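Look at the two complexes coming up: subunit A is in both, with subunit B in one and subunit C in the other.
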Partner chain A sequence: MAATPRVRGTRSEASEQRRRRRVWSYLVLVGLAVFFLFPLVFMFVSSLKPDGQILSDISGWRAFLPVGDVGLDNYGAVFDRVPVGRFLLNSLLVTVAIVGLGLVVNSMAGFALSRLRWRGRGLVLGVVIATLIVPFETIAVPLVYWVAHLPTLLFQDGALVYDIGWLNSYKVQIIPFVANAFSIFLFSQYFSTIPTSLDEAARIDGAGWFTIYRRIVVPLSGPAFATVAILTFLPAWNQYLWPTMVVQDEKLRPVMVGMQYFFQDNPAWGEIMAYTSMITLPVLVVFLAFQRAFVSSVAASGVKG
Partner chain B sequence: MRKPLAIVAAAGLLGTVALSGCAKANHDGTPSGNGPTQISMWTHSAGNPGELAVYKKIIDEFNASQTKYRVVQQNFPQGSYNDAITAAAAARNLPCLLDMDGPIMPNWAWAGYLQPLELPAALTDSLLPTAVGRYQGKVYSAGYWDAALSIFARKSVLEKNGIRIPTVDKPWTLEEFDAAAARLKSSGYATPLDLGAADKGEWWPYAYSPMLQSSGGDLVDRTAMKSADGVLNGPDSVRFFTWFQKVFKNGWANSNGPVGNQKFIDDKVALSYTGVWNAQDALQKVGSDLLILPPVDFGKGPRIGGGSWQWGISAGCGSAPSEGAREYLKFSFQDKYLTDFADSQVVIPATAGAAAASKYFGPDGSLHQFAVLSQKFALVRPATPGYPVISTTFEKAAKDVMNGADVKSTLDRAVQSIDSDLKSNNSYGN
Partner chain C sequence: MTATFRLESPADAATPDATRAPIRPRRRGQRAARRGEARAGLAMASPAIVLLLTFLIVPVLLGFALSFTNARLISPEPLRFVGLDNFVRAFTVDPTFFRSALNTFAFAAVVVPVQAGFGLFLALMVNQKIRGVTAFRVIFFIPVVTSIVVVSILWKFMYQPDGLVNSFIDSVTFGAWQGTAWLNNPSTALFAIIVLSVWQAVGFHMLIWLSGLQTIPEELYEAARIDGAGTWRQFRDVTWPCLRPTRIFVLITITIAALGLFVQIDVMTQGGPIDSTSTLVYHAVLTGYRQQQIGYGSALSLVFFVIVLVIALIQRHLTRDKD
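== the complex of A and B ==
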């Protein structure tokens, strides 16, 4: 009887200690969250201020507060300077195409490399992985020359005509980025964890390789598809160098090239912040919608976008 | 098994054709039928509505004035323009007409991007000398306007501090400038000068190499264009860069932002070394107290940079489109368009006639002083294909010196880097 209150006391002390520890950890986490939100807050708040005020507020806390001469003028000016709707649409189309086609093509390649038995498979996988060390910038100029001389079909005056050159099109922004060595590697690694006995059972039932891919491997590989989709989405949305080199028509430009429109003799900082707010929103929406998959994909692949 | 594959294949084909259908070829020349010869034209003006409006007016009026040629414009943002040109040249997809920043022209001419302009001499002779791009005795580019740098000041501030107001005929000497900076600092300006050191890229040679030339140094030996030795690292250059380092060491200037003229507008600096493009805004904010002062005489006479955006015709442009491109350029160099350009962009018109008609740069215009500075003191940057390397090397060396590096050894390294590029390219044919 006498020991009971002490045990109770010890338990309540321990739970109090746990509670305090939790409060402190939450405080630290909230502090970190606020710290990491600073750039975003600065961007949104600055998008509401005129240039002069952004520059005069920048050295203090006012930079993060919507105070002073705030309004939506910068957003209106963005639409005057840049066809922002068109650029957003272009980026959306290019990104969705790269991600969608990439999932199909790379997963099939990964399937062929991990599940099918054929001579030279290891060598091909090695070559695919080796291409990861080649930076895109080193092949950009030869690639431009190459795509400028590829055959193409065009609608011209209501007829389908044969022409040379892929420059200045959507497909030149999409097709070179569909096949992706890292995605192939990721798929092949993930597929190799799925037991081959499932393939064998399906083969006995008369299934071909495509059926095995479509009906067995793909449904079991949701996390791999989510990871690849997320890791492909960000670089596709952020494309800048390649469209700068291959797209001359303003109607086909993506959002990141549009950023340069604001850097004239004196950068229009308010408009820059308004534009970046607009083009960041879709990325934030995607991140919030898929944040669980995003975090696990970063953890799984060890790579951030 | 075959059905899904067939669907995928059909969808792929349809997708490819659909995406191809959105493509737009960039072919100069006569389209099918008897239509006008198409002439494509690229500008660096995307995001600059004022400049685009003037181009639209010129192109619309040219296209309406005749039926033989049709100019089609594409606009690129300035920051990625040179990359787009280089990529298009690699793909042999350059347009007939293209604009370019003056100092890059010799490199593009040497690389085979450009053909000689072959506009009538009467036209090119009527332009400001710095608005005409010459390389190896031939004209490759010509511009509607030029820019100029000056020192912005407030009359009241100079008078209050007993500082002489310099004139074009009697600019500040270096000693006077140093004394003014020291006086202004002691009067309460934490950093009395804004030299624009927060900026980057071509600004550095554009802004600071004229000071170097005013001191007696230069970026390269212009007589042969084969070496920078003894010129960029000679005694005059060492003297200039030692002074340049002192300016930052003494706290007379710093490399903090923002880029532009805001610090002067806010009266946080007393003297701002900046361009004509900031003058209209300064005039509105400072009013009649604004002074547009000539550059400092570092010993060999004041200097400012010359040579801005100009027009050229690509080497790959066929003979008929080239002829059309020349017709267009001749049409576009009318005084009325040059005046439109100058008054829209607040830049100095390239002809005397256009300057006289300009509301800003005419004899009674509020910014006439810039036209005078340009005529008297402007010097183009060295017309050598090696200029891009000279430019980036100069920027790096000047920034190193600003940050405290040893002056002589930094300049020796810069010379080594420039000479190595010139040597490995056989002095670019010079």
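== the complex of A and C ==
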């Protein structure tokens, strides 16, 4: 550093200042990274240690390092205690169904609302926008009462049986969340940027509206589908309030509710950390694989505000 | 597929007809096409309309209606209209409701400015043109993709009296300051929950701010620099005014999310100690669902809904006035 020639005067002073600022920026960024990562590092590392060692390691750097009596014992214990595989499968099924059905239903609605003229369109659009601010928490209690009284058809002993109540089923975890006002809104926003001259050309060629939707609009809207898929995937995987209310049957429970098996007077923290690590890793892997799409999705969700 | 073809047929029939004989008045064909379009529009929107009606509109109206009844989830008594009893009960003989409202407002009053400000700071940090900055964006966003249930359990573990937080405080202050049993102490529990809530959600708003920052044209900054504006002046006179639409969005979304505080409470404290962390939503779910008093819980939800609506409208009004 001493070798920097003084002769260059102001220019080197300016670059020196810029360099110093960059160093500070990196220091702050690294500090923040530590702040955001340390709890998760602690979780993964603790999941590998026996309870006694977690506590004895806690007062130093060892809390964040996989050292000492490290192994997968906690994971084995979790599998013995709760049907993790079943819970993961349930969550996967529910999530895929919500996201998949949601993409179809909401994009069709977005198409109809943004590109077709029909009576009632204005009303539906108004209702969709108004429902954007209804927090799910405010309808959770009446919704339980409602789904408990909905009719249902069961396939029992080779015959269709009519019954009352949707509680304890997959459908009660899926169907209420398929239609989503925000997704419809995002789709119709995106679809309205695609020139309508394409529709007209296709109509002259004799294409129907559903064909136009499927062959023209959908293929041109990859980013909108990615955004909606990502924004609906996280809440679906993370469902907690709703399934605790409507699913008592262990065989149908999703991962977040499975957590309740560990709430006891004397919690086995090593096992809990193993369980939370297991249900966090799949999401983390998906996120890191598609991080760019995630980032642009969130940005897109805020653009129109 | 067949349903679709049936949908298309009137419109399809009209098109070749019109092209083949352009001299003939096209009104009939046009009307048929219109009708086809109207039918297709309704048909394609109908699955969403039916689902939104069944699982959003009906529950909202049902909640409104149930608020004036004695409904229970499983009840031997018949459903009975009880007038304003549930609301009177909430505002007069239910001290937990009052405490929950207070806690909810306290939580929102701290979280909204802190999370918005911290999010903006993070966005400014990761908007710099320096190498490796995208990696930091990803890192700051990781807590957002981690389930709030997991985050709550993890922080509950760290907040234990002999947990990570206290051992950290102990080592940085060289034992001068002893931590406390954060979640078991009525005066620290809500604060402890605020910290982890901001930690978990701030990355989301960082990205919203960032997308706002990136819409600001670089020329504005260049012009400001030519006028001799330093970093602070550039922020105050260029960045801040340009972020107005983003600001409104961030403000409203954080407020609505903060007022709906539930999972952290349910997992970490169950509203305790002595109601110091109970919130409106937690109280509504506890009474309405866990204690099976659907009518009363619906009334509490309705009160909550009105509060959210009023606050959202006030915010809209305030932010609109400055135009």
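FYI, the second predicted complex is superposed on the first by the 259 of 305 C-alpha atoms of A that agree within 3 Å, B and C clash if a C-alpha of one lies under 4 Å from a C-alpha of the other, contacts with A are read in each partner's own complex, and residues count from 1 in each chain.
We take it that a residue touches a chain if its C-beta (ideal position, glycine included) is under 8 Å from a C-beta of that chain, and two chains touch if they have at least 3 such contacts.
This one's a predicted model, so the numbers in the text were calculated from it and none came from an experiment.
For the composite obtained by superposing both complexes on subunit A, the positions of subunit B and subunit C are in clash.
Of the two partner chains placed by the overlay, only subunit B lies in contact with A:Val82; subunit C stays clear of it.
Contacts of A:Gln291 after superposition on the shared chain: subunit C is touched, whereas subunit B is not. Contacts of A:Ser25 after superposition: subunit C is touched, whereas subunit B is not reached.
In the overlay built on the shared chain, the residue A:Leu116 is in contact with subunit C alone; subunit B does not reach it. When the two complexes are overlaid on their common chain A, residue A:Asn266 makes contact with subunit B while staying clear of subunit C.
In the superposed model, A:Ile279 makes contact with subunit C only, not with subunit B.
More subunit A residues lie in contact with C than with the other chain of the pair subunit B and subunit C. Once the two complexes are laid over each other on the shared chain, residue contacts for A:Tyr145 go to subunit B and to subunit C alike. When the shared chain is aligned, subunit C comes close enough to touch A:Trp237, but subunit B does not.
After overlaying the two complexes on the shared chain, residue contacts for A:Asp163 are found with subunit B alone; subunit C is out of touch.
On subunit A, the surface touched by subunit B in one complex and the surface touched by subunit C in the other have residues 55, 140-141, 144-145, 148, 208, 210-211, 240-241, 245, 269 in common. Taken together, the subunit A residues at the contact with subunit B in this complex read 51-52, 55-56, 80-82, 97, 104, 140-141, 144-145, 147-149, 152-155, 157, 160, 163, 165-171, 174, 208, 210-211, 214, 240-241, 244-246, 248-252, 257-258, 260-267, 269. Listing the residues of subunit C that touch subunit A in their complex gives 4-5, 7-9, 11-12, 15-16, 19, 33-34, 36-45, 47-49, 51-52, 54-60, 62-63, 66, 71, 73, 122, 125-126, 128, 130, 133, 136-143, 145-151, 153-155, 157-158, 162-164, 167, 170-171, 199, 203-204, 207-208, 210-212, 245-246, 248-250, 252, 256, 259-260, 262-263, 266-267, 281, 284-285, 288-289, 294, 297-298, 301-302, 304-305, 308-309, 312. Those residues of subunit A whose C-beta lies close enough to touch subunit C in the complex are 22, 25-26, 28-29, 32-33, 35-37, 39-40, 42-43, 46, 55, 58-60, 63, 105-106, 108-109, 111-113, 116-121, 124, 127-128, 131, 133-135, 137-146, 148, 175-179, 181, 184, 203-204, 206-211, 213, 234, 237-238, 240-241, 245, 256, 259, 269, 272-273, 276, 279-280, 283-284, 287-288, 291, 294-295, 298-303, 305. On the side of subunit B, the complex with subunit A involves touching residues 1, 4-5, 8, 15-17, 19-26, 32, 42, 46-49, 74-80, 83-84, 86-88, 90-93, 95, 257-262, 265-266, 275, 277-278.
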